[in-house]
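Each of the two complexes below includes subunit A, the first together with subunit B, the second together with subunit C.
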Partner chain A sequence: MLKVLDSAVPVACWSCSVAHNESILFCPHCSKIQPPPGGDYFSVFGLAPRLDLDLGMLEHEFHRLSRKLHPDRFARALPNEKDWSLADTALLNDAYRTLRDPIRRTGYLLKLQGAEMGEEHSGKDRKDPSRVPADLLEEVFELNMQLEEMRMARKMGQTDPDLQADLTAAKKKFDGLLDAVDQDLRGQWKVWDEGDEAARQSAQKTMVALLDRRRYLSNLVRDVTETLGA
Partner chain B sequence: MSEGRVVGIDLGTTNSLVAYMEGAAPVVIPGVDGSNLVPSVVALDPLPEGGGRPTVTVGNSARRALIETPERVIYSVKRLMGRGLSEVQSELKLFPFRLADDVEAGEVPRIQLGELKFTPPEISAYVLRQLKRNAERFFGAPVTQAVITVPAYFNDAQRQATKDAGRMAGLEVLRLVNEPTAAALAYGLDRANVGTIAVYDLGGGTFDISILKLRDGIFEVQSTNGDTHLGGDDIDNLLLTIALDEIYSEHGVDLRAHPSAVQAVRKAAIDAKIKLSTEQAAQFDIELPNGDRYQREIPRAVFEQLIEPVLERTAGPCKQAMTDAGLTPDQIDAVVMVGGSTRIPAVRQLVDDLFQLAPRGKKPHIELHPDEVVALGAAVQADILAGASTATEEMLLLDVTPLSLGIEALGGTVARIIQRNSTIPASATEHFTTGVDGQTNVAIHVVQGERELAADCRSLARFDLKGIPPMSAGLPRIEVRFLIDADGILQVSAREQRSGKAAQIEVKPTYGLSDEQVESMILESFDHAEEDFAKRLLIEARNEAETILSAVERAPESPAWQQLTGEEQAAVSAARDRLAAVKLGEDAAAIRDATLALDQATRRFAELMMEAAVTTAIRGKTMDAAGEEMGDEVTAPHPMAPAEFK
Partner chain C sequence: MAYSDKVIDHYNNPRNVGQLDKGSAEVGTGLVGAPECGDVMRLQIRVNPETQVIEEAKFKTFGCGSAIASSSLATEWIKGRTVEDALAIKNTDIVKELSLPPVKIHCSVLAEDAIRAAIGDWKKKNGVAEAEPAAVTAQ
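Our next item is the complex of A and B:
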């Protein structure tokens, strides 16, 4: 399980001492700001984990909570209130950034469910042939050759219109594959949000694979775009 | 806890301003000389006879020293804030000031100014202290809290250096605000608050572009980009280089060895640049030390061709900011222009093209004074922070971090943990472990930037996690939390999860001053205690009294004096005697009152004097010449203009 924040959760409000539910940002009794709650990103917005979200509602909640939590509202507050405003707002921002983006949101929910995920920021495994989706092996091999050729040509100051056209076509094809992955993902969202436990388990497995494929494809598209645009 | 006013400060490369919220409108606070702009120039007066520290002057008076004693003057110090030795060295090539001889790699570079040495934050602190004093004089009360603006693209070290400068000047910096965002606040104050706006900010030394979404008083920055090495200074330097090269090739005079001559040419270059914003041509006409004259005309077309590469460098960041925000030019509802350099017609044209304004029947917004808009916005943010103001209670600024934060991973690659354009405060939690049995330290290298290799990014700090309980390799689990606060500055905390022990962190900022160093640099001044503030008020009140008394002393010599009635003369004498007596006391308020009373009593006399003076002036000169002199006073000063060297 992903642990969002590590601060100790008090059982009682620091200000009025009335006991409260631990996953709140403000004391229901005296309205004072509380230390970051221990829940997940969804709970920051009062939501149960789900994948199909109303982004308009999410933005509205983000703005409403920002108005109450932001450090600008605590510039002259007590030192502990300042600290919690900072920590709570960071949590709110991290949560909003993650949940409003469909891919990040999916990845986050899968991690929350204990799925093993590839790391978003490790770009170095891109060249690892074992990570190439099986149905794309041949095309990827071909594409990598062309990319290498293109880079060499560039270095020599040459242009190769045929190669350029091939790469542009390849980019279009992989863009299309990306779109297909996104469509499939959306289909799985519905299954996860509405299905029973067994359906969820199977949707999770499918989504982990889809996200892997997606990461691979978008790295590839980025490489092609960079090489074409250089 | 101080509940005094919070002021907004624009600490600029060329000029600095302080502003505050007067009711529902932000207002710039003028200095003693009546000018809203304090040139960001600091000069060291001559060494006092008999020893002691020379006095430091700031602003217009410091600028006057540029020609006479250039080795005792420093300006554009913002370009040096938070920078390392090699960066400062390359920066200084075009400026007349020099690094201190004994600066070592790894420490904050110090600049030699006369016989003293100062770090860039210390220089900025002098400018800030001047602004603080202007505000205190204006309010008649101490000012201890401020919002200071920084270029949006400033990195962690540059932000920290700015905060350090505030602390040295006796200011608690409640918030650093990004300059383009501040400008948006100033513009958004009295407008229908809906839409997407871009702020194009080309100042003296930095360029920023920010794209914001405005809705119901929330100013949400979508993306920001820029170049902290690009601005009007670069344009000045282009013109300067041309002039110096031509003077050398045509007249055989190498001015580069003479700092004061270079200053004079720089001044001519700045004048030419300003003139070219409104005229089709400008002239260089400079007298050389060997008696020759360097004369040259610069047509606007030539100027525009010359500066095109500089202006073109702003296009990339603009496009990137739009891409990052997921927007196309036609989705930008308005573009706000900020900074003195946006007066250049070619800049406005470039912006028009970039955002496709003309085809959409739009124009860049220039309604607010481009030199004042950032300070005005800082005042709005100061008001938001002070709270309890109806004008700003609905407003909230949500800004972003301009640069990605990463950790150096194996092989020198960067693992990005917080992406650029993330809304701040933002945080990331990472886990680290040991590679060797019994290892008790783990070193972490944090960098800022978008490149793949750590060596190509900017080193931010090295953290040493100490006191890890000795365990088998890979067993400790150290959780490190990175948090970028609302000022855009990194905070780090760590703990070992298995033992639950908070790990000690030793932070070595790659560029920057330690807390102790900042403490030791706090400007020796009496800005802190109330009692010292009272002392200063007393000194100022006495100075003012002294000024008016010496004027009244000479009054009977004036013909205007004879025009007063006997009663009026007696009233002046009585008020004068009273002030002279009160001045000896310790009561600043009483001295002020007596000064005011004398001022009142001499009002009619002053009017008569003025009449006489104006008559003489007009009789003595042609109307044209008189008008020209007046003109100097009434036009708004250009940020790079009003140098008054003779």
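Our next item is the complex of A and C:
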């Protein structure tokens, strides 16, 4: 579950007592390890929330912090410090896994901003028509029917070249649609990263809708690929 | 995640899988999707024009076990009810009956949406006005 604490509140270092921003793994003053900070995943890397990330730098920072948290370095540390090094490592891994993936990063940031998405969202704004890509449903359903037909035929030891060709064509089409969604997302990243509050709000709405659309498409591409490749 | 026995039962023996003639005036079709996961569901009803009773209901769901169970249960529940009675079914009733966990609530919402969409389609075809929300009469 996401927990967003106010990362602007300074906390005193347990070791040197100098106040620091709580979203860091090591005290900037005495370099001692700190308990897992309460800020968001971005702040673990010293970043403000943003969408267009330099992945090379993210990776570099991940390795650097991982090394600093390595258990060998805490062999003679206090029991608390040992515990924190494990907890901090888990947090760092989660943060890295989420931020390095463009789709997960986008979803994470939208949730930080209060958007309700994903499986724990129980369909509350389903009535918002922008969230239901009606044009897609029909196609998704039809393609699923074809996939099922093909799997059944397979089970009986038959192959249907026409069906196979249809599905291959459909896969190409949906791959293209998926690419288009990803491009649109990247466009919205810029708007969000560089825009003012109003621009951000509108970009967030657009991205929630794009991620919805993307979920249908990626399910389908996955299923078609699986069936064709079987 | 552990599924309840009722979910497993509906999943293994789904009731009323299939389709009805979309072109028939007596048939209403609802095709809905859950943006949370990308699953899709089609639910169809055949309504007796005299009595407005739903005499037949069929579904086809491409989705998780809970969505299949929810739609299977939904078809069982709406069969034999009048259209207006069927609209009274809420996703929370389905959640209770199937003991769905919080992360699976949207699967039941999908089934409720499908019932509404199918009835809406049937009403449109037959020129029946959508029922006004209860709030209007309460004013």
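Just so we're on the same page, the second predicted complex is superposed on the first by the 195 of 230 C-alpha atoms of A that agree within 3 Å, B and C clash if a C-alpha of one lies under 4 Å from a C-alpha of the other, contacts with A are read in each partner's own complex, and residues count from 1 in each chain.
Note that in this section contacts are C-beta pairs under 8 Å (C-beta built on N, C-alpha and C of every residue); 3 or more make two chains touch, one makes a residue touch a chain.
These numbers were taken from a predicted model, which means no experiment stands behind them.
K.L.:
For A:137, is the partner it touches subunit B (first), subunit C (second), both, or none of the two (neither)?
P.N.:
A:137 sits against subunit C, while subunit B stays out of touch.
K.L.:
Tell me the contact category for A:160 with respect to subunit B and subunit C: first, second, both or neither.
P.N.:
Touch partners of A:160: none, neither subunit B nor subunit C.
K.L.:
Name the contact category of A:216: first (subunit B only), second (subunit C only), both, or neither.
P.N.:
second
K.L.:
A:70 in the overlay: touching subunit B, subunit C, both, or neither? Say first, second, both or neither.
P.N.:
In the superposed model, A:70 contacts subunit B only, not subunit C.
K.L.:
Taking the superposition as given, does A:90 touch the first partner, subunit B, the second, subunit C, both, or neither?
P.N.:
Touch partner of A:90: subunit B, not subunit C.
K.L.:
Between subunit B (first) and subunit C (second), which, if any, makes contact with A:182: first, second, both or neither?
P.N.:
neither
K.L.:
Find the residues of subunit A that appear in the contact set with subunit B and again in the contact set with subunit C.
P.N.:
Overlap of subunit B and subunit C footprints on subunit A: residues 121-123.
K.L.:
In the complex of these two chains, what residues of subunit C are touching subunit A?
P.N.:
31-40, 42, 60, 62, 91, 102-103, 105-106, 109-110, 113
K.L.:
In their complex, what parts of subunit A are in touch with subunit C?
P.N.:
Per the touch definition, subunit A meets subunit C at residues 117-123, 126, 131-133, 136-138, 140-141, 144-145, 148, 212-213, 215-220.
K.L.:
Applying the document's contact rule, which stretches of subunit A touch subunit B when the two form their complex?
P.N.:
Listed in rising order, the residues of subunit A that touch subunit B are 3-6, 63, 66-67, 70-73, 75-76, 86-87, 89-91, 93-94, 96-97, 121-124.
K.L.:
Across the complex, what residues on subunit B touch subunit A?
P.N.:
It comes out as residues 1, 3, 6, 174-175, 215-216, 218, 220, 381, 384-387, 396-398, 406, 409, 411, 413, 415-417, 422-429, 452, 479, 481, 483, 485-486, 495.
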